[in-house]
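Okay, so subunit A shows up in both of these, paired with subunit B first and subunit C after.
Presenting the complex of A and B:
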């Protein structure tokens, strides 16, 4: 059963990776944990769900959902982060938690707390080799995660906006002096982070064929955060590796050790890991002002 | 001029205050506490709906002793600390006569000590953990048959009726799940079966059962008992199908909610759950209740129909009405009347009569199986 646990772990890890990429983008630029990340994509996914229920074409619905995620995250940046940008670390984080609660409660008001079946007509085939089962959906998710990571890394390195982003991550005042449109660039980063989150959330819902409002915080933000701690916060490569590692840890601990104490083991491992290597496996170079 | 204005304002406020309190004396207040949000939200929603139906009938025909029944709602989210907070909050409100209590066993256990202190009776429609009635709370009553009986029946279904010997348990990590697990671990070997695996999951949080399913698959399990509530049951069914795990899957009464079918889709076909209420019961009293519920509600609740939570909650309201009419007008007297050996109420869930521990017994249980996307009743033949 080792191989099946491995496949399961990589599958769930890929889903976490998609969510972690969006989360890490924001952290990498501004050194701020976006606790509203999960709830932003929850809204986006519910929008897709509602549009498909109203018989809109599925691709259009996905585009709308991604757009909603983009816009919402820029709004989060505008109202929860921008005004407190220079007030240290705690204030913006709490402010984000606040706006996350608002979004979660809007979803609760409109769709309620129930779990709904999320049937988009997209169903992967099952590939069986002997006793093992691999879904083609799982393969697609894995590939999408890698492709997105490569795409974003490429854009950050080679394009003008990528360079603006790197400049801002080093110093906001200097970038402004150099003519970089700071506010607009930061908004774009948040927006793209939100859009990526919706893609991740959507694939998460397809994978489990269900949607409910808890996909945001519990399963999104927390897992993304844990992945980033393991993989190295601020680094996209780290986000993916961290997420896959998290998925594998959950799968193997649940299978071989105990399903009852699985979370204790996983969290325990993370605590020990932070003590030994606080920067994570592949930390991005974080330059400090001296 | 100004002084006259202030004086009239004060008089107006006093008048409003007094009229508010005199209005309160015309009604009987109780609290509904259940999980209105979270994975088990269908419980709370169905409970409240059934109470609304009962209240419309009772208040529409003169109320109880001429007074209207009214309720306030507390959402415990299926989360025990939240249940405790609600107990502390409501225990300071002296107008509340009783709690139409949580369906979550953990939430009941959390709230009972606080409610005992203020003598507030907690009448739970469906919390079924067997140990609760023996914890020494004289203010606790429950209408549902407890898990000792229910899981015993489920074990008999697996081993005697269906003939499976290699059983796996998957239980939710809560008082409800642990209580059921303990009964299953005792009952299955007694009947001649073997429990090969006993795995768990965190209710309301865990979505992924692939580790547990993979383990069961590798161990040649032929029957799985899902001891949890409908959302987890549905996800387990779906993921079992996706992973090619073909064992028979049967579930506890928390899985007998039609929402399980709506979430699991085709994967739920042939799933069997034990139940305390048949949503297609043709007996006159029950059939009328089912029809009234469906007509009273438009929207999802009506479409999916009522189940055990709604049925038991409906009975709680009528039962308390009878008790109040028999003299149970204060908290103390209500507890006394409910405990008295003469008190009984024959409702849609059967004959409700409490023993000295607040337990009911002698009610009918049945099994529901999914056929063509709907729950259909069946009664075992071999036991």
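Presenting the complex of A and C:
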């Protein structure tokens, strides 16, 4: 049983990791958490779902979904973050929560609260090793997460825009003085975060073979937030390891302690974790007030 | 001093006016909504105490509404305690839990604190949902006894109105006194700049704990009162959406303004009752309001530099302009006379020197 729990935990953790990457990248740059992340990718996934239902080619549909995620998140940045960027930390959080609620309720009005089957023709095979079951889809998801992380790390380290992102995350006024186009870069980062979120959400839906409203907030933003706090804000490696830790935590508490109170125990662990190590496992180089 | 007295008079007139509301409003449904407004005002005040005065973003307020309500319901249904004991013990229990939550997040702030409160809310809701022998799960507890004081039962809307009004006035006065006291000043200092506050001798962590306990006390009172009034409590009253709604009451009215919280509760409790469509769109409306208000009026209607002050400010600007013109005209004549005087003097002086 232990191995099966371990594998379940790692596979669900890799799905969380994919969502957490986009979230944590955005979280790291301005140190403002993006409450709308989950709802952005919910809209994107529902767009993919609707386009596939209209018999569009699946790759085209995914591209459209990613584009929608990109545009939506830039809009979120433009309206909920840019104007209130320098007015403390409470104001942007509240405006982001507000925009998340708007998006969620728009989805609720259009598609309703039902759970739809999400059948894209992509289905992983089950590989059996003696006693425990391993899905190939989970391996693919894990590999995609790792590849995306390496790619983003490479872009951040090597490319010009990556360097400007790093500069902005250290100091906005100084990078503006150095000629970095601050607004455009931040907007791009948010857009890319949204696009990554849509990819994550899409794989999430495939993993659960269903799509519903709840993938946005409770399963998306919250888990991504928890994993970035475990892993360390602004650290991509941390996001993946945090998400895997979260997945393992969920799987083991569900298996050994109580499946009814699983979320409560996981939240309890997170709270204890924050008290012990608030900066996360892999803190970013810049110190931050807790 | 004169201004202060005037304000008090306005408050008194307002209270006297509200006392007659049940005589004017005969419709039972409307009276019920008004009662809910009074109770939600207390919650909005407590939210304001945390978010508006102390600057800690708390997404877990509805958990305390649920805790107060469930404690009251269980005390009344399972233990058959007298009303007043169950009622006060509910609020004390909430204060105690708030103290615990404050102790847990005394050293954390910003996102970490928000995350902890979200987690607390989710944990509470899960306990309410799953602890079936005590909380009856998703069905909730029914037939909770109404409020009774000294054999007098507040079972009708008419009678309960006065109970709720009394409660609101007491809570308002106490919270007002708290915000004007040393503790309240400390809260505001923590909100404005925690580091500066800690350097001026304010124990930030402990004041956060105090703040959470006080606010949870009032939320618990309101939660127990709501449970006693509706005679029913379900776990869905303490969902995260509900917390956001409660938060929006404080934001809409104005963070840091106590009358504002009441106004926010009035708007956000009455508006969904006016039309069914609005009820369905209420969270979208709240979200939209949150964004728009954060962009232009982060301090709400009655807060500092909020909508109210701006409207008055425009009027004032207009009247100021008029006054200024008058004053300027007056000054100009005065200046002219002064100039004349001084020039004469100078002339005299120079003349004197020449001599």
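One rule holds in what follows: the second predicted complex is superposed on the first by the 286 of 290 C-alpha atoms of A that agree within 3 Å, B and C clash if a C-alpha of one lies under 4 Å from a C-alpha of the other, contacts with A are read in each partner's own complex, and residues count from 1 in each chain.
Rule of thumb we're sticking to: a contact is a pair of C-beta atoms (placed from the backbone, for glycine too) under 8 Å apart; a residue touches a chain by one contact, two chains touch by 3 or more.
What you see is a predicted model, and the numbers here were worked out from it, not measured in a lab.
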{"item": "Simultaneous placement of subunit C and subunit B on subunit A, clash or fit", "value": "clash"}
{"item": "Subunit B versus subunit C as contact partner of A:210, first or second or both or neither", "value": "first"}
{"item": "Touching partner for A:8 - first (subunit B), second (subunit C), both, neither", "value": "first"}
{"item": "Subunit B versus subunit C as contact partner of A:250, first or second or both or neither", "value": "first"}
{"item": "Touching partner for A:263 - first (subunit B), second (subunit C), both, neither", "value": "both"}
{"item": "Which superposed partner A:278 touches (first subunit B, second subunit C, both, neither)", "value": "second"}
{"item": "Subunit B versus subunit C as contact partner of A:60, first or second or both or neither", "value": "neither"}
{"item": "Partner chain(s) touched by A:150 [first = subunit B, second = subunit C, both, neither]", "value": "neither"}
{"item": "Touching partner for A:135 - first (subunit B), second (subunit C), both, neither", "value": "first"}
{"item": "Of the stretches 25-33, 79-87, 115-123 or 241-249 belonging to subunit B, the one that collides with subunit C", "value": "79-87"}
{"item": "Interface residues of subunit A shared between complexes with subunit B and subunit C", "value": "260, 263"}
{"item": "Parts of subunit B lying in touch with subunit A, wherever the complex brings them together", "value": "36-39, 41-42, 173, 199-202, 204-205, 207-208, 210-212, 214-215, 217-218, 231, 234-235, 238-239, 242-244, 259, 262-265"}
{"item": "In the complex, subunit A residues that touch subunit C", "value": "33, 79-80, 83-84, 87, 89-95, 97-102, 104-106, 109, 217, 222, 225-226, 229, 260-261, 263-264, 267-268, 270-271, 274-275, 278, 289-290"}
{"item": "Contacting residues of subunit A [partner subunit B, same complex]", "value": "1, 4-5, 8, 11-12, 108, 112-117, 119, 126, 128, 131, 133, 135, 208-210, 212, 214, 218-219, 250-252, 254-255, 259-260, 262-263"}
{"item": "Sites on subunit C touched by subunit A in the complex", "value": "51, 55, 57, 104, 107-112, 114-116, 118-120, 122-123, 126-127, 130, 240, 244, 247, 251, 281, 283-284, 286-291, 294-295, 298"}
